[in-house]
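Got a structure here, written out as structure tokens. Questions coming.
Chain IDs A, B, C and D follow the sequence of writing; residue 1 opens each chain.
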Amino acid sequence: MNNETILQVQGLMTEFRTERGIVNAVNDVSFSLERGKTLGIVGESGSGKSVTNLSILKLIQYPPGRITAGQVIFKGENMFEWSEEEIRTVRGKHISMIFQDPLTSLNPVIKVWYQIAEALRLHHGMSKKEAKAKSIELLKLIGIPDAEQRADNYPHQFSGGMRQRVMIAMALSCDPEILIADEPTTALDVTIQAQILELIKNLSREKSTSVIMITHDLGVVADMCDSVCVMYAGRIVERAAIDDLFYAPQHPYTRGLLDSIPRIDRAGGSRLHTISGAPPNLIDIPPGCPFQPRCEKAMNICSKQSPPEFIINGDASRTAACWLHAKEYNNG
Amino acid sequence: MGRYVVRRLLSLIPVLFGVSLIVFFLVRLIPGTALEMYLGTQVEATPEQMEELKRIFGEDKPVPILYLEWLGDILRGDFGYSLRTGRMVLPDILSRLPLSLELTLFSLILALLIGIPLGIASSLRQNSFGDFVSRIGGLLGLSLPQFWLAALMVMVFSRFRGWIPMGNYVSFFDSPLQNIKMLFFPSLAIGIGFAAVVMRYTRNSMLEVLQMDYIRTAKAKGLKKPSVIYFHALKNAILPVITVTGFNAGYLLGGAIVIEEVFALPGMGRLALYAIYQRDYPIIQAVVMVIATLFVVVNLITDLVYALADPRIRLDDVVR
Amino acid sequence: MKKTGMLTMTIVLLLLAAGLFAAGSADADSAVKPAAEKVLTIGVDQEAIGIDPHIVTAFSSHRRVDLMYNRLVRLDENLAVVPDLAESWEIPDNLTYIFHLREGVLFHNGREMTADDVKYSLERIMDPKTASPGRSYISLVDSIDVLDDYTVKLTLASPLASLLDALTSNNLSIVPREAVEEHGNLQKVAVGTGPFMLEEWVPDNSMTLVKNPDYFEAGAPVVDKVIYRVIPEAASLLAGVRSGDLDIAAINDGATIRQAKNISQVEVMNKPGINVRTFGFNTTREPFTDERVRRALALAIDRDEIVSMAEFGMGSPTGPIPVSATEWALPLSELPNTSPDYDKAKALLAEAGYPDGFTFNIVCSASYEGGLAVAQVIQSELKNIGVTAELEVVEWGVYIDRWVKRDFDSMVEIRGGSGEPDRFLYRTLHSTGGVNNFMFKDEETDKLLDLGRLQTVPAERKATYAELQEVLSEKAPLVFLYSPNENHVVGPRVEGFRQVGNGSLYYVTHTDVID
Amino acid sequence: MTVPRLFKNGIAVTGLVIIVLYVLIIIVSFFWLPFDPSEMNSQRLLEAPSFTSGHLFGTDEFGRDILSRIMKGTTVSLVISIAATALGASFGILMGIWAGYLGGRWDNGIMRIADVLFSFPSLLLAIFVMAILGENTYNVIIAIGIVYIPQFARISRGSIIALKSNEFVRAARSNGAGRTYILFRHLLPNSMAPIIVQISLSLSVAILLESALSFLGLGVQPPEPSWGNMLSSARKVMMLAPWTAIYPGLAIVTLVLGFNLLGDGLRDILDPRLRNVR
């Protein structure tokens, strides 16, 4: 069971056609997820982390979005070779998702229990009655008081945190092997954030569900994840186990991110660091490293050629896409 | 909700008062009087006959006095007598009402049956050739003059017995089959235009809804495409369609004049038209009042249906 | 939504079930029905406006009253006066008319009709309170005397040669006193002596009449039921006959009749009617005060062209007396100013001081009676003599208003004619005439009209009206254009229907339907 | 931004092309027509369309050339539709923005009037106005314009109210801008999108309303040709001579379609919620 790779993404490319040109939202992204582990994907908004994960289940709307290359290998099979119908049977049953904004992600005109029950009826063939009972049970499990009555409510009658709990109940209803949580706490109050994260953590641990946690919040990553991928401009710029990332970031962008977090252990005198500049426009990306215009350590080569992912210390799961490591590699 | 309905019905009062005022004085601004129409061009009347006739036709008093008298009468539920036929106004109107309501209902049903599926199909293939064709087709439906279409229908289908009403209106409760058969073409002539409107609203609303996060959620649950589209999307997309349907229903009640004329259907619109031609003031006044009331009531029903379809709306909160 | 969905489903299912149920029961009904009740369905374009024979003015009402009431005398298909309730009559002098009534005629309420009813009816008509349009027809009647139960005598204040013809009017129908007293008037109920009795009247939809089993004429009526259907569109009327929904349709639209002639399933019956399409001048307005101007305009008019364009050929050019009144009417060729002569017309205009023509208005309306099509043709024809006519097309009610107020330069009308010249021309053109909208005051015309009323010798009367026709053609207070045909489109089941010529449907009484 | 987008929108461009074609027909009709549209000819009544006679669309019941009448009638139809829309829009928008901006008693009063007008069936209202004013082209414009007033009032009021609470209005007010200035410089331009769409739809509905009025004998009066009155007089003869009804009918359908296409396209373009990246 240990170290069993359950999901592998290889060379994923996703683009969007807009009036101004083609946006390369995901550009040659690869990573893998192990059973029972939690993988964090971190990046600013627009870095391509959500699109990456929507691409896994082919939930990119065409038009305008389109997956142009890559493989998603789930339990040894490339899902991109499957038919739409086959992928559909995976959704919600084997791989399910939680989205950022629980208000817009729940259907406003359908009762809460019914939205939870749908997947149960579909994937487990439950009758309406069974599914309702199970839904209420799930609502209790995630801590909704008066679940029997609340089941007949509509989403707008719930608070934000409650709604996200409903989303979680919905996602976990069929005991999926993988849960993709797309910024599940961004829209919530800080106090509620912790509760929700705790809930995800407990539930996934209980059922040894693998989790992909998409977030821009390094605190969440530190709390939840076993390993991390950092995305920038549609690419993975650094990947590492959780401790390595925090203690020895290898990419200037990651370092920038870490420096921008206020930390108690840092001496009072040091300034809070921010990354200057803005993320690049993903249309017509210039050659070279996309981070180069904002990078304090930029070199000549950085504006000419895009860096490949360099393996750090011989550990294939520890990489950084930065020319700085080319030198180190050469020297080493 | 009860309080809401009462409040809405109370708001009817100033509207009806305004309508009554306008209609009463407006009809009397039209040149010619009911008495003149009655006599026509072939009849001679002696002066003493004219005196008597003027009294009968209510031309012996100033208009404001007549208005107050009439207002008093209708508040007591007395709509008076037709100047043209001498019959009581209210029963005459009530006997037309079922047809007008039925015609409205049937046209709307046809419009929804045609418009919603086309709108959905069109939205699912936005900007495809099929979308383009069906949009143009829909707009074409909207561009057809109703009476032209109706006249063409009479021309083509009149050779089939029983398909065109020909003044032989059969009530739904007497013979539903015959009734539906007869109202099919008139309803279609009216419904095609509205089908286009419904289609347009459905399409636009579906396009909007299909971009929503909850549709993505539904897909992520692994739901099959039909249940995503016809359940999750349509349930939301139908909301603006309800509004526009209700609005058109209100509009249609008195607006089928031309169709009633071509198909010789005894509805409210035709009653009003003939009353205007004949300067039959009591009838015109009453018809317009009834239509205005229906208009408001239909709008109220629409709002209630809307509230039923959208759980987020709570009527008591609606401020108007 | 779940609930609404269920509700919708339930309603739909209920409707369907109801539909099947009713369809089934309807079939059962027709299966049980005893053999062939004969129903004749008549399509007309206008709803009756009341059915009290003494009060109604609308032609559409007359067409109903026809079958429910009788007069003392009636017109046959040659427009000749024949007995109706009066079996015979004597005219001892030109002021006295004695009628001998049929015996044993029953009203629809079962009571026998007697001379008292005749007296009551005519007196009701004469009473100003009744506001009857028939009053003017018998205004010269001085007294009505009941000689016995079956004999009644009318005494006139002054001679009226056309009295018998006047008595054929539906407005002079005989009604029972008790029915009037019970209902106030007879606008909604029918208690006559006629061949049919009112069964049901659904306004603007249908009127159903059933056979009067006690009708005095043996073997009549032939059918058990007559249903009138109101269908305003001529094309729909024709379509109705064609599909078999209607048996007889009265259609006055020429185009539709022309089309009907191409349809093998239907028969078109027509004969020149007694109405006359006229183009009249306001003789008190410049330049129509000048007889020469009016004559010039008359000379620019091509009646054949008007008939072919405005009526699709379904009419006959006519002079002052409608051509259908064959006994009186002079052929157009014998009357002056009845065929186009532009040179003469221009000369007359120049003589009158309008060498370059002038501009005036024609008031007309888009309804059939309003003569819009005729006005358009006239407008075009007048261009030939340099006169500019501007059409003032008004809504029908406004048209009537202008007519009543005599507010027009000229007007296209349709005038209800009569087979009896006095009845048509006296009121139209005598200086005291009730519908002399032209405000025509001419001594010669007045003299001839007065004379015609006095004369009871046919040959003498004929000479008088011949002279009058010439005078009117010369002085042209109006141009008599044509008589539209009376048209009926008849389906294949119908047998024995005849046209009267004045639009009356009297012969429905003798009509049979054969399946 | 909007103009190039307009040309990218196939629907809108198709509509525009149709309208431009009709404008060209109007220009041509001022200088040349195949026949005199009011010239009657008793020898050529109801002739079928033919090349040899030169009556490409046939003749009507008076022997007049239908093509020439349609061409002449184009001006009438377009003038009515534009003038009536302009009339209804200007009064309606003024009422609506005033009501929406001032709110309170003004809003209530103005919108009650609009409500009253609104609950009148539009054709019936138009019939009333025509019957009172008398039948001619100007009065058709007035009648249709009056029908439009409450519609424009509602739409413009709605969008003003939606905008009123926006930041930029508060900003403008804190900068000392006056009521009228804010209304006409800030609110009106920003609320134009739904109004523009309503205008294009009103243009098309006006043509249909004119033809319905003519059908009832209350529209533009003969001999002046309008598509509506051509159709209405063709009704009698359409079974004998279908072309008398078909060509004027097609003229109406195509021009109305043109306006509708333009309107629908504009709605796509102006309504950002429907804007789909391509």
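Please note the rule applied: a contact is a pair of C-beta atoms (placed from the backbone, for glycine too) under 8 Å apart; a residue touches a chain by one contact, two chains touch by 3 or more.
Only a predicted model underlies this, so the values are computations on that prediction, with no experimental measurement involved.
Ranked by C-beta contact pairs, the top pair of chains is B-C. For chain D, the chain with the farthest CA centroid is A. Distance from the chain A centre to the chain D centre is 53 Å, each centre being the mean of its Cα atoms. With each centre defined as the average position of its C-alpha atoms, the distance from chain A to chain C rounds to 89 Å. Measuring from the averaged C-alpha position of chain B to that of chain C gives a distance of 37 Å. For chain C, residues that reach two or more other chains under the stated contact definition are 1, 233, 235, 395-398. Residue positions 30-31, 151, 155, 235, 261, 276, 309 of chain B each touch two or more of the other chains. Among the residues of chain A, those in touch with two or more other chains are 109. The touching residues of chain A, when paired with chain B in their complex, are 54, 57, 59, 61, 88-93, 96-97, 99, 101, 104-110, 118-119, 122-123, 154, 156, 167, 170. Residues of chain D touching chain C in their complex: 38-40, 42, 45, 61-63, 130-131, 134-135, 217-218, 221-223, 232-233, 235-240.
Residue ranges of chain B in contact with chain C, taken from their complex: 30-33, 36-46, 48-49, 52-53, 56, 84-87, 92, 95-96, 151, 154-155, 158-162, 164, 166-169, 174-178, 180, 235, 261-264, 266, 270-271, 274, 276-279, 305, 308-309. Listed in rising order, the residues of chain B touching chain A in the complex are 211-214, 216-224, 227, 231-232, 235-236, 239, 309-312. Chain C contributes residues 233-235, 238, 253, 255-256, 258-259, 305, 308-309, 312, 365-367, 372-373, 376-377, 379-380, 391, 393-398 to its touches with chain D in the complex.
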